[in-house]
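Encoded as structure tokens, the structure appears first; notes follow it.
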């Protein structure tokens, strides 16, 4: 599994390629994606948890990593991560387990680095 | 699309067949499923929303119907349903739209019937 | 399986509910969805075929029905539909067969009704 | 849910459309599909159970119905069906439960009709 | 692709994190997962083959690796693996082919190492 | 992410294992897979784009890489790739974004290497 920094760099470079291509549809989709997690009728924390569980049952490691970072940045704690993982596990079945293993690894990397709650991720929201 | 009552009756009858079969694994899974949505580190409302969005991106109408009922019973309102649908739509794409159509139909049936918030669904949690 | 008219009416009524809700994210997604199939670097016919095959491997009958109508409206003929179905079948496997059965049924309903090529579907693009 | 006879009639009529179209790729795929479940290194009973569980985790009711009929025709009994359903449930999660409900319904229709074991399904294998 | 030992070590370490977290739901799910493959109405060999095919059509490499090991430990031979892969390929389509490539690689690593049949995997069943 | 040469070598070696195994079903499936993308009612370019979008919404990086190579070999240009990616993104949602990132990376590697249009890929079609 890639380190978090490596993941961030590759994501940023390729997002730039996609967004820099001038394709209006792709650009607008990325904007919609960012907006979907902003405070609204539901708050950002709930929405990021929704994004995390959706990513887990659809089994996309990069999306899971992204939403774990976002969740941590708005104060989701370890017990809450585990509760969200458990819903994903029950809905999505044992096929999600390898993603939970990599997920808890990411969670602990973030929580141990201490940056979690304090870090204010200002970058646009793109998986 | 089936009416809600018809849906409930069929679900109850077939769950009885599955649980009445004496298969311990299936029985225990149903218990785990119920427990996954109880108050814990995350509260029941958040967990039911997680179940709703997971069901929507995995595109299962019966599961969506079930979680809409549960969400309504713990006070999720129309704007919150739409916000949750929007996260599912962005994560899961246009392929989820037919499910959102049937979902909003269910939501409005429930909200218009007035039972939503008051109804205390005590039945065990089985999709 | 619903008749085509029944399908159209339900879709229209529920899309109105979703779009009439005032949720900006959902409204913008529907606009992006319409635009994705307009002539661009690839022409509309190719894009509708892409939409049809994507819907088939993801196994969504309503989306398949929608794209079959769109494809027919831009002149996709029966042999081309079968070629597209075959790609979906090979990529997606036998699990797509029930959708191909309902798909060919829809195709023949449309082609036999004679409206296919002449019909100019001006309604916004929503699955 | 359609009755079994209705299901069989629609399936037969539409398979005829697909196979009668003269598309060689589709025709050959259907042949491969039939052959995949014949006795080989694994016997037909095991392979039909594999087809049933694969169809259940991929959540296709028509495919499930088809493989239940095939399984019943080679003597799979109720306890074995439940054991196979349980594997599908654990791997695929609660999202499979609505399909298990319809599955056990089909199983009991077949077993109660008494035709199960005796019926020799000679028709070609097409989901 | 990771070597088998590396895979085993990471799996063990992260399962410990998940199970050591004290989350009862996750712990019980892991227990259910182990029990689902024990001898019952269907024997362990058949159930592990069901797990393998389910994992293949759902396209999870780690789950495939896990079930290949389990299958090999109860005596599944190369021809049987290929027959199971073929069912997965027909049901799930060409999208499963990259997983079959990695699968046959794993199978041959195990069979060539000679440990296959003799090895008695006593560790709890967790993908 | 593997380099393209490494990808090609592993694919070739493992396809040889699968095809060399003598399993007739697998061998025939690979043949069907190759034939599905040959000129017919739809031309090869359209079919490879269908394969690319199907692979993207089903989220298989190896299949995406394969179809990008095939598309490039029949002259699909960068703007057409982006248009196809956009259809996949709208149908399949943000969960496809990590695959689009790796996809555009592959596209640019191929286009920059200059081999794209000239290269005549004669090898049999296997994902």
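Labels for the chains are A, B, C, D, E and F, by order of writing; each one numbers its residues from 1.
One rule holds for everything that comes next: a contact is a pair of C-beta atoms (placed from the backbone, for glycine too) under 8 Å apart; a residue touches a chain by one contact, two chains touch by 3 or more.
Remember, it's a predicted structure, so these values are computed and weren't measured experimentally.
Visitor: Any chance you could check whether A-C or A-B wins on number of contacting C-beta pairs?
Guide: Taking the two pairs in turn, the one with more contacts turns out to be A-B.
Visitor: Which one of B-E, E-F or C-E makes the same contacts as A-E, at least in over half of the residue pairs?
Guide: Comparing residue numbers across B-E, E-F or C-E, the repeat of A-E turns out to be E-F.
Visitor: Averaged over CA atoms, how far is the centre of chain B from the centre of chain C? Could you give it in whole Å?
Guide: Their C-alpha centroids are separated by 28 Å.
Visitor: Averaging only over C-alpha atoms, locate the centres of chain A and chain D and give their separation in whole Å.
Guide: Distance between chain centres: 38 Å.
Visitor: Mind checking the centre-to-centre distance between chain C and chain F? Centres are C-alpha means, answer in whole Å.
Guide: 24
Visitor: Which positions in chain A touch two or more other chains at once?
Guide: 25, 29, 32-33, 36, 54-55, 57-58, 63, 79, 82-83, 86, 89-92, 94-95
Visitor: Going by the contact rule set out above, which residues of chain D touch chain F in the complex?
Guide: Residues in contact with chain F: 24-25, 28-29, 32, 35-36.
Visitor: Can you name the residues of chain A that touch chain B in the complex?
Guide: Touching chain B: residues 32-33, 36-37, 40-42, 46-47, 49-51, 53-55, 57-58, 63, 77, 79-80, 82-84, 86-88, 90-92 of chain A.
Visitor: Can you name the residues of chain F that touch chain E in the complex?
Guide: Within the complex, chain F contacts chain E at residues 10-11, 14-15, 17-18, 21, 23, 25-26, 29, 33, 54-55, 58, 60, 62-63, 126-127.
Visitor: Which chain C residues qualify as touching chain D in the complex?
Guide: 59, 78-79, 82-83, 85-86, 89-90, 94-95, 97-98, 100-102, 104-105, 108
Visitor: Give the list of chain A residues in touch with chain D in this complex.
Guide: Checking each residue of chain A against chain D gives 57, 89-96.
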